[in-house]
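In the two complexes below, subunit A is the common chain; its partner is subunit B in one and subunit C in the other.
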Partner chain A sequence: MLLTYRHLGGLGVALWAVTILVCLFLLVPIVFIAALSFGSSQWLVFPPPSWTLRWYRELAADPRWLEAALTSAKVGLLSAALAVLLGLMASFALVRGRFRGRGLLKALFLTPMVLPVIVFAVAIYALFLRVGLNGTLVGFVLAHTVLAFPFAVIPIVNSLEGFDKSIEDAAVLCGASPLQAKLKITLPAIRIGLFSAAVFAFLISWDEVVVAIFMASPDLQTLPVRIWGALRQDLSPVIAAASTILVAFTLLVMAAAALLRRRISR
Partner chain B sequence: MAANASVPRRQWRGFGPAVPALVLLALFFVIPVVSLLLRSILEPEPGLQNYAELFATSTYARVLYNTFLVAFVVTAVSLLLGYPVAWLLAIMPQRYANLVLAIILVSMWTNLLARTYAWMVLLQRTGVINTTLMKLGLISEPLALVKNLTGVTIGMTYIMLPFIILPLYASIRAIDPTTLQAAALCGAGRWQAFRRVLLPLSAPGAAAGGLMVFVMSLGYFVTPALLGSASQMMLAEMIAQLVQSLLNWGLGSAAAFILLTVTLALYAVQIRFFGGMR
Partner chain C sequence: MTPAFLSIRGLRQTYGSFVAVDDVSLEIPEGEFLTFLGPSGSGKSTTLYALAGFNEPTSGDILLKGASILATPSHRRNIGMVFQRYTLFPHLNVRENVAFPLRVRGQAEPEIAARVSQMLALVQLEAFADRMPGNLSGGQQQRVALARALAYDPPVLLMDEPLSALDKKLREEIQIEIRRIHRETGVTILYVTHDQEEALRLSDRIAVFNRGRIEQVGSGRDLYHNPATRFVAGFIGDSNFLDTAEVAVSGDRGRVVFPDGTAMADLPVHRSAPGGGATAAQVMVRPQSLRLAATGLPVRVLDVTFLGDTSTVQFRTDWGQEIWMRAGAEEIAGLSPGASAQLGWAPGESHLFL
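Entry: the complex of A and B
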């Protein structure tokens, strides 16, 4: 009875009450930020006395915000490209390789996902201090590629496991070179996995804060680093505007990805 | 002889494509992390004095205590709030379930800083929560909800809830509803059916989610740094501060090593008892 929706009775009301409260708890802060970013109050009074685009104009007038957004996009795209390329190759080894220690290799590939980010951040910061990669684009990309790598490997491995290798072998028997067969038969077949990998990898980098804080210099900052810096000074509504743009962009990428995935899979 | 010679080659068949990724992770992940950990026993001089200092100094011991306390409370509250949601989510009509799942996913993928900023504003002395409570006459003075562990706990619970709900939802969904009907037929009341059937059957999901949230909370940096205060730090903040501001790499690495060990040990428990991360 406890797992039959129709027979819950009074218990159902209680469960719904908690569920609605939790949903509000999850949703309200996000809506709240968006509302504040259009509100006219410098002191973040809520509900805002009137509505304005002033904070977005201030944001646009400050070239440092735009630079940060561009850096974020650059780092995100490069890390995603690198993570997907290395992840694709690694997936072939993980799925098709027959060597000892394959389980260990897989565990290593997934570790960046479970290791506390702060430990990795401090470690890579120490290394990059020594080799002079702190505050460089290369440093950002390398660090974010490591973090994004597991998120690229998982969907690619999953889709490669679901792909029947005999189709690729058939192409080779028909005269294609092994590389040709992979490029023309296998890659198109696992395109959804590749696509998910790219989207996840990009978003991991785009939203990443902790490593970026260590990696950043006054001249090279990603958007989250800039927001972090601003937050430590005051709670200006300009941050609400920047956060809203950041969130809107993430949701846009996810929605576009969901749509595209549906189209590709047809 | 020829067969012998080919054995090592066969053992590495198909390994080649993994090499670039392996090189990347070795150079920029394994080596930096290992050499960081080595610094904890090598700096300023070889020995375990960094660890001794961490546990003996009351300030640092306090940070460790705060960290475990907050992680525990966050996990407990998330489980209490998340369980009913996961339960209803598993059995509610699909169209509602899709909506609730969408809300959970949107919240999960909303930038961490944006969400933390929202709580900084909501919880501050002049924030919506305090002004509303004062207007309602429930309090006469604004409550100190931020810049302390209360703020950290609220903000982290908010972030961790989806990580509890989703695995619990999966494990409750996998339970066959007829087992509950059987319990009812055998004369079990609702409470008994819950305690003796539903709860034990969903326990693996709860444990897996709870353990994951506990581990993630231990190493959390951003939310405690923004919603907490310097006098009530958590472990990740302390590591960052030791390394970045105080340049005390030995002590910072020792703290990092403790965090790493606890994290990996708890994940090992999870993999051993609950079959890995899903």
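Entry: the complex of A and C
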């Protein structure tokens, strides 16, 4: 390597500075929100004049927030399950299939990742308007499944590519039917990929707001939609409290996933 | 004709215009250890995979105890197989790997436990029953794979270059173990390898594959002493091929004149049409059949290499072909690069390929 960290000299210091600035840029707003959610000022004054749990109490007192959180969890879990199931089948086709246009199909599967979200949101809104799925749980889950799908396909394809097909063949010769071999041998062997896919897919849905705004109805709101709505009505520290809980839960899911992954791959 | 235990009849496998297996027929008695030997791409693995049911032959048939198995899907063929790559189920320990085929057959727990310990004893890995595959060496993994493939008492065991990923010393160790297991279980084994030494060490019979065809089937001794084709002669054991200028054949003996005018008579003749490659007649003689002689083929010494028990000497003929000899140190004591010599050999130990 010509360009090693050791030989950077003064540039090395600059690199550190940029890295720290980027980290701050990403983290400070979150820290601010968390701090404000515990501040006593109604007007989100910083630094807070004193500390309180009042906004969390208000949050808990309003059933609409709890309902939104439950909706988020429901949509997230259903979308993740659906995305992993479809992603698994798609991955078998992409990895094992030998057909024309395989590369093209893979690119198509990944488009929800690169397509501007607003374009997708408008498109699916228009479609669901015709079939009457707007504002329904089914519509919500379907829309989020499309968004989560590429994030499920990528880890499953990767782990399936790393899995030697001969192992499945061996299971078949041992007397397992091709389906049995997949269920009993291949799926457990690629379980880390499946697990990653599920976590990614869930998190994609969990904090998604653009498509969610289009899919939501007054009775069906996810947490990000509820935050967005509340923000437009009045700027209350309750929103900061809701946001903090959203972030905390996300961190919790990621930490639990990392721990579990280590245990599975032991 | 009463069918053999296992018979392969006119097996053909084509992929587009490529012929992978071209009219392969074999009759295999029960309990035989038969090796498919050949270079990569010669059709030996494709033939084995047809037996396993992983590819469907274009034409031909495979009969086990007189009944065709082609219509039976792989998982109902009850055939055992050890693969070239490590195929232990990564999330199951050794015991559960060996138990897997018994579990899918719905056997009772006590039976399974007994059979698994019997199999682990067979491959001498009882102490490793609770290990995960990731914590085993390559050799141990292949032995577990062998135990798993034999656990359900298959009539035929297929082995597709199972030792090719192991180093030489370990390979020889497991070869001895495979021979022992073959002896103890009496299972019919079809073994694929490109390593002639491995084939000679293990097999009752060897089928030499080349370009999708079987060139010759026979014991290692047969193939070595009486190669039917140029290819077999070149593939089994070491060999020299000498060009000829004139050939006269009477019966199964031939007389040749080499390009430098040296004549030699009484050479056993082989007519090898298929897959021969070269068209001109050639004389094959093994390096250890060559002797220094008073009158014979005039050659010049190129190089002498000391190899302990034996030495090898590289010669060049007057017409420019290189030929090498293997001999004891005292026989070649006087030779040094640049010297002239005369080479002879017993005509019966060489072969004339037309």
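As a working rule, the second predicted complex is superposed on the first by the 249 of 266 C-alpha atoms of A that agree within 3 Å, B and C clash if a C-alpha of one lies under 4 Å from a C-alpha of the other, contacts with A are read in each partner's own complex, and residues count from 1 in each chain.
Operating definition for what follows: a residue touches a chain if its C-beta (ideal position, glycine included) is under 8 Å from a C-beta of that chain, and two chains touch if they have at least 3 such contacts.
All values reported here derive from a predicted model rather than from experimental measurement.
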{"item": "Subunit C versus subunit B on the shared subunit A, clash or fit after superposition", "value": "fit"}
{"item": "For subunit A as apex, the angle formed with subunit B and subunit C - C-alpha centres, to the nearest 10 degrees", "value": "100"}
{"item": "Partner chain(s) touched by A:V114 [first = subunit B, second = subunit C, both, neither]", "value": "first"}
{"item": "Contacts of A:G97 with subunit B and subunit C, given as first, second, both or neither", "value": "first"}
{"item": "Contacts of A:L70 with subunit B and subunit C, given as first, second, both or neither", "value": "neither"}
{"item": "Which superposed partner A:L36 touches (first subunit B, second subunit C, both, neither)", "value": "first"}
{"item": "Subunit B versus subunit C as contact partner of A:A170, first or second or both or neither", "value": "second"}
{"item": "Which superposed partner A:A189 touches (first subunit B, second subunit C, both, neither)", "value": "second"}
{"item": "Of subunit B and subunit C, the chain that contacts the larger number of subunit A residues", "value": "B"}
{"item": "Partner chain in contact with A:P178 - subunit B first, subunit C second, else both or neither", "value": "second"}
{"item": "Least Cα gap, in Å, left between subunit B and subunit C after the two complexes are fitted on chain A", "value": "9"}
{"item": "Intersection of the subunit A residues that touch subunit B with those that touch subunit C", "value": "none"}
{"item": "Subunit A contact footprint on subunit C (complex, rising order)", "value": "52, 54, 73-81, 83-91, 100-101, 104-105, 145, 148-149, 152"}
{"item": "Subunit B residues within the subunit A interface of the complex", "value": "10-18, 20-22, 24-25, 28-33, 35-36, 39, 81-82, 84-85, 87-93, 100, 103-104, 106-107, 109-122, 124, 126-128, 158, 161-162, 165, 172, 175, 177, 180-181, 184, 190, 193-194, 197-198, 215, 218-219, 221-222, 226, 236, 239-240, 243-244, 249, 252-253, 256, 259-260, 263-264, 267, 277"}
{"item": "Footprint of subunit C on subunit A - complex, ascending", "value": "164, 166-167, 169-178, 180-181, 184-185, 188-189, 191"}
{"item": "Contacting residues of subunit A [partner subunit B, same complex]", "value": "1-5, 8, 11-12, 14-16, 18-19, 22-23, 25-27, 29-30, 32-33, 36, 43-44, 46, 86-87, 89-90, 92-94, 96-100, 105, 108-109, 111-112, 114-127, 142-143, 145-146, 149, 153, 203, 207, 209-210, 214, 224, 227-228, 231-232, 235, 239-240, 243-244, 246-247, 250-251, 254"}
